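Shared between the two complexes below is subunit A, which has subunit B as its partner in the first and subunit C in the second.
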Partner chain A sequence: AEVEETLKRIQAHKGVIATMVINAEGIPIRTTLDNSTTVQYAGLLHQLTMKARSTVRDIDPQNDLTFLRIRSKKHEIMVAPDKEYLLIVIQNPCE
Partner chain B sequence: MEIVHVYTRKRSEFGRPCSFSDRPAEVCVDIQPDPSLADSFLLRCPVDAHVQHGSDMSEHEVNTERVEVETRGVNHVEGGWPKDINPQELEQTIRFRKKVEKEENYVNAIVHLGTLMEHCVKQNNAIDIYEEYFGEEELAEVEDEPPSAKTINVIRYYQTNIFSDVLLSKRDPNVVKRTATHLSWHPDRCKKLAVAYSSLEFQQNMKDMSFQSYIWDLENPNKPELVLKPSSPLVSLEYNPKDSHILVGGCYNGQMAYWDTRKGGLPVEVSTVEVSHRDPVYGAIWLQSKTGTECFSASTDGQVLWWDIRKLSEPTEILVLDITRQGLLENALGAVTLEFEPTMPTKFMVGTEQGIVIACNRKAKTPPEKIASTYSSHHGPVYALARNPFYPKIFLTVGDWTARIWSEETKESSIMWTKYHLSYLTDGCWSTVRPSVFFTTKMDGTLDIWDFLFKQNNPSLSLKICDEPLSSLRLQDNGCVVGCGSKLGTVTLLEISSGLCTLQRNEKNLANAMFERETKREKILEARHREMRLKERARSEGQGTEAEEMLEESPQEALDRAQKEFFEVIEAELQRRAQAEAQHLHGKVQKHAEEAVAAQEEESKLPKYEEEAEEEDAA
Partner chain C sequence: ELKEEFTRILTANNPHAPQNIVRYSFKERAYKPISYIDQMAIHFSLNGNMILRDSDEGRRQSMRLSIASEKALVETSAVISEEAEIKDEESTEDTQAAGEEEAEGVGAAEVAEGAEAEEPPPPRVKEQKLANQFNFIERASRTLDNPLRERACQSEPTPCKNFSATANQWEIYDAYVEELQKMEKSKEKEKPKAQTAKKEEKKKGRKLTSLESQSDDITNISKAAKIMERMVNQNTFDDIAQDFKYFEDASDEYRDQRGTLLPLWKFQYDKTKRLAVTAISWNPKYKDLFAVGYGSYDFMKQSQGMLLLYTMKNPSFPEYVFSSESGIMCLDIHNDHPNLVAVGFYDGNVAVYNLKKATSQPSYKSGAKSGKHTDPVWQVKWQKDDMDNNLNFFSVSSDGRIVSWTLVKNELVHTDVIKLSAEGTTTQGPEGLQLQTLGCGTSFDFHKKIDYLFLVGTEEGKIYKCSKCYSSQFLDVFEAHHMAVDSVSWNPYHLKVFISCSSDWTVKIWDHTVKTPMFIYDLNSAVGDVAWSPYSSTVFAAVTTDGKAHVFDLSINKYEALCTQIVVAKKKNKITHIQFNPVYPVVIIGDERGHVTCLKLSPNLRKMPKVRTTEALNHSGSLYACSLSPLLCAVRLAKLLS
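Up next, the complex of A and B:
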C-alpha cells in the first residue's frame, strides 16, 4: 500500500514520463511503460549502475553510489540504486 | 678451335711415395735498413687518435595483431528470470512479481528510494540547474581593453624618373610625390585597393609628374598589381560595386574614364573633353541601376553630370548647382564631394567649396526643383560627406576645423559637432559596423576615431600616422581595416581593435536615442530663434525710428566692431592657453577641465558671433 502510494506520487509529479522498479537480476517488477522498452532500459541501466557503483568504490572503498542522473537532450533519467533493487524515473525537466 | 692442354706421366711413376728431407735454413733475401730514407719522414707529435664506442643496436619489427571490429546489434530479451519460471508465460511472471512485491525488503527499499527520488524530481521541477547564468555579463567584461589600432601595411610607390632627358647624364634624384587623393576597396574580398594619385596643388604641374594610378594587392605591397594610365592624373577612383572588374575614374582635367581590369591599364573609354567637366572631378560614384553601368560625377565647375559608361561621349543628365534655382552656371557652387546612398536611389547630396551642403532629388520634374534643400555647414569647403549606414537621415560633414553631424530635418544647424581643432580636417567617414563611431583625418597627419557614445569632446583614439597631411580615408566593409592616404602618396593600412569594430549591446538604440535627442534640441532652439526673430521684426516695424537709428550704424563701423570683438576673443583664448600651460605642473586634471571649459566658452562665443554676424547681415 505504501509502495503503491509512493510510486503513484512520483508518477504524478510534473514532467515525469515513466517510473520503473528493477530487481538485482534485471527483472522489471513494476513499470509504467510497455514491456520491450522496459526490458531495454532495465538491461542497459542495470549494467551502467553496476559500473558506476564499482567506479565510485574503486576510487574510495568507503564510498558508495547513492544516485545516478543522466541528462540528455530530450529528458533526464534518474536511477536510485539499492542493494537489491533499482528505482528508475524518466522525467522531462521543464524549462 | 679448341685449346687443349695435355698432361702426360709415365704410368710407372704413379703412386710413388714422397720422401721428405730436412734442409738447413737459407737466407734468401737480406734487406738492410737504410737510415737515409728516414730523413724524408717527419716525426709526428702529437698524434691524434680516435676511439669510438657505440652501443650495438639491433632492428626489430613488431606488428600487433589486428583487431577486427564489427558492428552488431543487441536484441534485449528478458533474462534473469529464475530457472523455474518461463518468461513467456504471463501467469508465472505475474505470480513471481506479486511474490516479490510482498517481501518486506522490497517495501522498505522502495519507500526509501522513493523519498530520495522525489527529492530529485522536485529539484528538477524547481530550477533548471544547467541554466546559463551570467552568460551575457561575461561578455561585457571582455571589452576592458583600451581602443587601439595597429598598422598592418604601408604602401609607398617609388617612382623612377622615366621622362629624364637622354642628354643629361645624371638622373633627377627628386621623386615627384603625388597625393593619394582617393582610395577605393575592392568590393568582394577587400584584398585589393585602388588608389588615385594626383597633385592637387594649384597649377603645379611638374612636367615630370607621372599620371599613373595604381591598384595594389595587399599581399604584395611592393609592386602595384595593375597600373592605370589615364591621360590626366586621376583625382577620384571607384570600383563598381556590382562588377568588381570595372572602375571609373575622374580626371584632373575634368574627363571621366573607365577601366576594365581584365583589359589592362589603358582606359576602355574616355569621355569627350567638350562635354566633360571643366575642373577636376572630385567626386565620382556608381549608381544603383539594373545595368550596373551608371555613375555620376561632380566637380568644382558647379555641375553634376550623370553618365552611362557604355556611352561616355555625352552625359545622360546635367544638373547645375545653383542654389538660387535658376540654373545659371555663373551662380553655381563648386562641388567638392558627392554622397549617394544605395538605399535611397533618388536622393543624393553634394558638398560644395563654399561650405554649403546641397541635398538633391534626382527625380524632380524640372531642374530648379532638383535642389531640395541646403545646409550651411562649414566655413570652408566640405571635404567629406557621409550618411550613417544605420540611420540614413543622419549624415556627417567634414570641413574646415570641425566635423559635424546633421539630421536631415534640422536645416539650420548641425545636431552635434566636434570642437574646433588646431588643423584642418581633410576627410571623414562612418564606421560600417557601429552606428556611433566615425573616423576623421587631419592636416597634421593624425587619424581620429570618435565614439560619441563613449566620449564626446575628444576622439576616443587619436593616432599620428605620418608627418605629412593625410588626404583621404576609406574604411573596409568589415569595419576593421582602414586605409589612409597621405599627401606624399603613402597609403597606410591600420587594423583597429575589436572594441571599436564590434557592435556593442544596445548600441543601435543608444545611438538612435542620442540622435533623436539632439535633433529635438536643435528643433527647439530653431523654434525659439524663429520666435525671437519674429518678435524683433514686429518690434522693429512698430517702433520705426528707434530701430532705424540702430540700423543706421554704417557698415564700416559694424565691421570695425566685429573685428575688435574677434581679436578680443582670440586674445582671451591665447591668454588662457598660456595660463593653462603655466599651470601644467598643477596636474593634468585641472588643465583638462580648464581647456574643456575654455573650449566650451569659445564654442559658445563663436556661434554667438556667427549669429551676430547673421543679424547684422540681415539688418
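Up next, the complex of A and C:
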C-alpha cells in the first residue's frame, strides 16, 4: 500500500542505515536489521519512548509525544510513536 | 401373629427419665422446654463413712481403736466381713469394685492395727503411727481415649485476578476524556430516529474500519511514517533547511541595491521528467504546500498530464499525485476550501480535484456534452460562492469563450460569460452569414476589490477590461503587446495598477484608467510569467525563456532589475512559471523539464515600503499602495511634459 511505499522510500533515502516497525508490546514486526540487534533496539527504545511519553503527559495531559530524536556521535536514531506502533529509523546524517 | 418378632432396642437412654421437661423462663416470660434432659440413672448410692487417717478426727479415732482393738479384735473382723458380704450383693460393678477395694484397704489397715495391738501394749502416747511403706498400693485408672479422626471441609476459593495500573496525571485525564465521549454518544442517541439512522450507518462504517485495521497491520503507521520521512529528509537536506530559515546574504550591503536569489530545494518526480511545468500555485491555507501542474506547451507532443502537490518539508516526494489523460495547462486552489483544486486541460476540459478524497480521479469533470472548451484552457480562477452558495470558477480558453462553471451537486454546470469577439473582424461566411471571429484568450485576472471587474489577455496582444455583468461588450481595450499576452495580474495593493507580460519580450505596467502603459521593460527574451510580490506593491518578478529570473523593485530602481539571475541551464531548459510564497521569502520557479526550484530572496529584494506611523491605523493595503502612487504620478507628469 501507500505506507509500504513510504517505508521503502525512507529505507532507500541517503544515509538511512535501518528501519524498524515495533508493535505496542515491544515486539518487532518489520525490520531491515538482523534479529538480535533488532530485539535489542526494540526493547530499549520502547522503554525510552514510554518514559518520554509519560514525562510529556505528566506535565500537560492534553499534550502527547509526536517524535523522539537521539543524536549520537555515530548516527541519529529517530523514533516516531503511534497509537499502536513504533517506527524507528537509524540515519547517518551526512556531514 | 405369634411368630411376629418384636424387636427390643437397647439404648443408652434412661427409660425412666422424663422426655419433655418444661421450665418457666422469666426472661422470655414463657414456658420453655429444656433442651437437654439428664439421662443419668443412679442405681445405688452409698454414703461412705471413711475419714482421712492423718486428719485430726482420724487420729483420734485411730487412738480409740488401738485401745479397743485388743478387746474387740474378733468382733471388728466379723463386722468387716459382714460389710463386705453386703457390698457383694449389690449390682453396680463400680461401687462393688470400689467397695471391695475399700474393704480390703480397711481390712488391711485393721489387720495391721490388730497385729500391732497383739504386740506388747504400746505406750499410750499419742504418737504418730508410721505408715506402712511396703504395703502401700497406689492404684490409678483411666478412661478410654476416644480415637480422634480429622474431618475437614473446604469451599471453592473465590476466583482471584491480578490487576495493576499506574495512576498518572494523564491516565486520569484520559479517563475523563473517555467519559466525556461516552456522555456525548449517549446524548446523541437521545435525538430523534431520523438522525440515529444516519449515526448507525456511521457506526457501521467505524466498525468496518476498526475490523480492517485489526487485520491489516501496517496501515496504521501511515501517520508516523509520514513524519519520519519528513524528518529523514530534514536530516539529509539539513543545510538547505537551515539556509531557508536563517541565512541572510550579508553581501547585499555591498551590492549597491542589487539582490540575489539563493537556490534552495529542487523538486522533481520520476514520472514528470518529460513534462513541462505549466502551472504553479501556493496553497492559501498551508503555506508550505504548493501545487504544480504538468503538461506540454508543444502542439505536436501532447501526452498525459499530472498534478502534484509538494511540501517544502519533504523535497524528495510529492504529497499528492494525480494523473490525467490530457496535459494540464492551469490550476487554481480555492481560498476557502484549500482541498479543492480547479484544473484546466489542453483538450479544453476542466476538472475539480478534491484532495481530501483518496481517489486519483477528479471529483467533477466537464465533458463534450457539458460545454467544454474547444481549445486549451489557459487559465482558471475560483470565484466567491454564488447566491446559492455553490462553488464556481471561471475559465478562459483560446476558443474565445470565458465560461463560468458552477459545482451543482455532482455536476459542473457551465454558463458562457463573454465571448471575446475581436473587433472589426466580422467575416462573410457561406450563405451570407456574418461570422464573428473570436479572439483567443490566454490569461485573465480578477480584481481583488471590485468583484465584477476583470482583465483578459489575448493571443493578439490585446487586453480587454471586462465586467461580469456585460456579456457582449468590453469596458475597455488596451493595445498591449505585439504577441500573445502570457499573463496579466492586478497589483495586490494598488487598486488601479496591473502588469502584463508577453512573448514579445516585454513586461508592461499599466494603470487601468490610462490607455498607455506606465512602465515598459524589455527583457531580451520571451517572458513566460510575471508575478507581483505579496509583501510590497513595488516588487515584481518575471521569468524569461532564456532561463533567467528578473526581480524588479520600482521604489528603488525604475529602469533596471535588481536581480537578474540564471536559474536553469540556458540552452536545454526554459522557465515557464514563477510564484511568490505568501509568507516566506521564497519563490518557486517551474521549468520545461518538470523541475521546480525553490529560491530564497536576498534581503535587498525584500525591502518593505516605509510605513508612516500616523497612517498606521489605516488598512495595510492602502499603506503599501502609497509607495507606488508617487511613482505613477511622477511617470504621468513626465509623459505630460514630454
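Definition applied: the second predicted complex is superposed on the first by the 95 of 95 C-alpha atoms of A that agree within 3 Å, B and C clash if a C-alpha of one lies under 4 Å from a C-alpha of the other, contacts with A are read in each partner's own complex, and residues count from 1 in each chain.
Here is the rule we use: a residue touches a chain if its C-beta (ideal position, glycine included) is under 8 Å from a C-beta of that chain, and two chains touch if they have at least 3 such contacts.
Since this is a predicted model, take the numbers as computed values, not measurements.
Of the two partner chains, neither subunit B nor subunit C is touched by A:Q47.
Within the superposed three-chain model, A:E2 lies in touch with subunit B and with subunit C [touch as defined at top]. Once the two complexes are laid over each other on the shared chain, residue contacts for A:Q91 go to subunit B and to subunit C alike. Once chain A of one complex is fitted onto chain A of the other, the partner contacts of A:V16 extend to both subunit B and subunit C. With both structures placed on the common chain, the touch criterion links A:R57 to subunit C but leaves subunit B unconnected. Residues 2-3, 6-7, 9-10, 13-16, 21, 23, 29-30, 66-67, 69, 76, 78, 80, 82-85, 87, 89, 91, 93-94 of subunit A contact both subunit B in one complex and subunit C in the other.
In the complex of the two chains, the subunit C residues touching subunit A come out as 168-170, 172-174, 217-229, 231-233, 235-236, 238, 316-317. On subunit A, the positions that touch subunit C within their shared complex are 1-4, 6-7, 9-10, 13-16, 21, 23, 29-30, 54, 57-58, 61-62, 66-67, 69, 76, 78, 80-87, 89, 91, 93-94. Looking at the complex, you find that subunit A touches subunit B at residues 2-3, 6-7, 9-10, 13-16, 21, 23, 25-27, 29-30, 35-36, 39-40, 43-44, 66-67, 69, 71, 76, 78, 80, 82-85, 87, 89, 91, 93-95. By the touch rule above, subunit B contacts subunit A in their complex via residues 76-81, 96-97, 100-101, 105-107, 109-118, 120-122, 124-125, 128, 130-131.
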